[in-house]
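Single-structure report; data block below.
Going in written order, the chains are labelled A, B and C, and every chain counts its residues from 1.
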Amino acid sequence: MSSPAPRVGVTVASPRFARPAALVGRNLMVQKAVPYVWATGLVEPVFYLLSIGVGIGHLVGKMPGPNGAEVPYAAFVAPALLASSAMNGAVYECTTNIFDKLHWAKIYRGVVATPLTPRDIAVAEVASAVVRSALYSAAFLVAMAVLSGTRSPWALLALPCAVLVGLAFAACGFMSACYMRSWTDFDKVMLVQMPLFLFSATFYPLSVFPRWLQLLVEAAPLYQGVAACRELCLGQPSWDIIGHLAYLAALAGAAMAISTRRATKLLTP
Amino acid sequence: MTEPLVMARALVKRFGNFVAVDHIDFDVLPGEAFGFLGPNGAGKSSTMRMIGATSPRSGGELRVLGVEPDDYGPQVRARLGVVPQEDNLDTELSVSDNLYVYGRYFGIPRRQLRQRVAELLDFAQLAERAGDRVNDLSGGMKRRLTIARSLVNQPELLLLDEPTTGLDPQARHLLWDRLHRLKRSGVTLLVTTHYMEEAEQLCDRLVVMDRGRIAAMGSPRQLIERYVSREVVELRFDDEEAPAMASLVNGLAPHTEALADRLLLYTEDGDLTAQAVARRGLKPTNVLVRRASLEDVFLRLTGRQLVD
Amino acid sequence: MAGTQVPMRLRPLHYFWATFRRQWRSDISTTFLTPVLYLASIGAGLGSFIKGGQVLASLGGEDYLSFVAPALLVTTAMQVAVSRSTYDVYGCKNWWSGAYRSMLAAPLSVGDIVTGHLAWVAARVGLASAFYLAVSAAFGAVHSPAAAADLVVGPVVGLAFAAPIIAYAITVRHEQPFVMIFRLVMVPLFLFSGTFFPLSQLPTGLRYIAYVLPLWHGVELSRGLYQGSLGAWPALGHLAYLVVVIAVGSMAASRTYRKELAP
């Protein structure tokens, strides 16, 4: 039996990314109308860099880097802020937005009646968030080079690293949005996000913590991004980075798989 | 013989333990307008969603456009137009962008799409509102936009789930006219409704659904002929009195139905029966003789009213 | 509780209380864990790297924990107030079945709705401040019983943000602009109002901007109270400033609410 042939002009667009691309296009169209959201997203991490890197840096002085040698605090904390702002941006982008589209605006109900599948929707939304996150991260890297004197060529590789952090957390954000029942469930997302931000060796080395907490942090997702970005930005890469990236990729894959299943259940009951 | 566009055999839809669609069989032939008539919760929308490849079936057999919708979802949906029961327009986009973006989901090339959007705006009489936000439209305008949107891919089969709910009578007639035009151009229509007038206006054939089952199938005329007589005498009484009166009209008509406030007498000649009622000395507050409708078919088949 | 005895102005609280009762568990845990996590990570953790007589002298003599704890109480008051006066206002107007509209349909005036919403924000901020106070006392950051006055300072700071923000929030057609409030108002204030490092480190121009904005006044008040070193005149000055902001903000809010809800 043959699959039905579509009419002229209508393509079922079987290539894996062609269908989600239409929804990414829709998101870009909506976001073009609010350029200030983009603009402020570029500025926000710079505020953090100035306050924490420069302001607190003045109080702290120097911090031991990954290889033990002391580095200026701004150079120490900036890569961690790069990774954590990739996380915060992606989660912000994915959770509220997606929940709104799923349950209030019901936009996806219309979308699943077209050739797009729930999986295409998950891919498209995560891709849209990653595009933005990548842009913010690139701007942050430039600000970092100017403000904290990052000079190592390895720092360029921190960009794909931050993008991977954005991807993993965008996927997690989409997944959480699919499981939320009401707006108050965002508090629960906050309850995960806040400790990750505060304790992933973001502001000081892991050595401060007792051993059990160190193990816990090393198993947490944001730590992978912080550690990888820090080694790269300080020009002290180690083989550990491979492990960190593999962890983030696996997290992204798992979250996408769960998201697809859950979205399919929600949208095509 | 032409192959049916939709073919269902013992089709079942379950939500948990609840059976929403319970072993139904039907065929929809190319070019016809096929209706599902039934009260709230009958399973009409559930059936439509299965046909529209947005809800996997729980049992039985279903073929849409010759294939299994569960296996060929995107391919099937590419050739369908869907008007859902509740509008789900994209509230973040303008009226014309709603059509444009929807067309992009079908992979329609940009240039071709721009022309199509202009045509559809005319079709929906929304050309002047093209740049407005969807939320600023009236309910009827949103409905028209949803219907225009469903046509963006020039579908072969159009699924309309209660297309005229929320429309005023004028807008409803306008829409029926548009649907007749589409049908003449060869589009197959599948319509759900709980308005018998709509079913009679639009459908060549229909099924009466109740509690997930098909109670009867045929053309509107056939159904009326088969299940009820030609005319109906409605006797209206004061509150709650009607059931008590039922025994008093025994023998006046081949079949009677007692509702809370009315007695319905099904008969071949309404005037004669009305006179007989008067001779028995009954004093209803109102007597009405009318032609039998699908509403009566439904009442006869299920013992319940279609629209309360 | 007999509904008839509650004054009109506070009746919208019935609605907010009903929503709070549904979600209090996650609300309370966020409100409680925020101070614990921040004080542990920034106050104690980062604080252990901030030493040296000169540096500590610039922080007022005590350790870093004692420096940030009172300021974090105030920034949290701001954060709670801002989030309760952006999405909540938008939600009451547009989502969750238009709570404002049903309040108007009941015999409540637009003014009652404004007062009611602000009273609710103040109550939530008060709760958050109480938690912060308790947690920072447990961390050993409180050095004077005067700190108890933060139970008032917190809500006052919260209202100084909530009043002008609800005046704006009611007018928006889409929730996108809120991100501007977060990124351009809340985040810079959080970071640069003398919270994490003394204001004296800022260039002069920026310092004057910080003086004009309400958060710094709250930080000064709270820090003075925690240390027990707050003078009467500065206290009055800071409070007066915050009260003026609240008054102007509420007036603006009554106006915009009336325009939006009862045009």
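Keep this in mind: contacts are C-beta pairs under 8 Å (C-beta built on N, C-alpha and C of every residue); 3 or more make two chains touch, one makes a residue touch a chain.
Being a predicted model, the structure only gives us computed values, none of them experimental.
**Q** Report the connected components of the chain contact network with subunit A omitted.
**A** B | C
**Q** Could you find the chain whose CA centre sits the greatest distance from that of subunit A?
**A** Looking at centroid distances, B is the chain farthest away.
**Q** From the Cα centroids, identify the chain that ends up most central relative to all protein Cα atoms.
**A** A
**Q** Rounded to a whole Å, what is the gap between the Cα centroids of subunit B and subunit C?
**A** The mean C-alpha positions of subunit B and subunit C differ by 54 Å.
**Q** How far is the middle of subunit A from the middle of subunit B, if each middle is the mean of its Cα atoms, in Å?
**A** Each chain's C-alpha centroid was found; their separation is 46 Å.
**Q** Using mean CA coordinates as chain centres, what's the subunit A-subunit C distance in Å?
**A** One centre to the other, that is 29 Å.
**Q** At least two other chains touched by the same residue of subunit A: list those residues.
**A** none
**Q** Which residues belonging to subunit B are in contact with no fewer than two other chains?
**A** Answer for subunit B, listing residues that touch two or more other chains: 92.
**Q** Residue numbers of subunit C touching subunit A in their complex, please.
**A** By the definition above, subunit C touches subunit A via 22-23, 26-27, 29-30, 33-34, 37-38, 40-42, 45-46, 48-50, 52, 55, 58-59, 64, 87, 91, 95, 175-177, 179-180, 183-184, 187-188, 191-192, 196-197, 201.
**Q** What residues on subunit A touch subunit B, complex-wise?
**A** That would be residues 1, 3-4, 6-7, 9-14, 18-19, 22-23, 25-26, 29-30, 105-107, 109-117, 267-269 of subunit A.
**Q** Give the list of subunit A residues in touch with subunit C in this complex.
**A** Listed in rising order, the residues are 34, 36-37, 40-41, 43-44, 47-48, 50-52, 55-56, 58-61, 63, 96, 104, 182-185, 187-188, 190-191, 194-195, 198-199, 203-204, 208-209.
**Q** Name, in rising order, each residue of subunit B that touches subunit A in their complex.
**A** For this pair, the touching residues of subunit B are 15, 49, 52, 54-56, 65-67, 72-80, 82, 84, 86, 88-93, 97, 101-102, 104-109, 112, 149, 153-154, 156.
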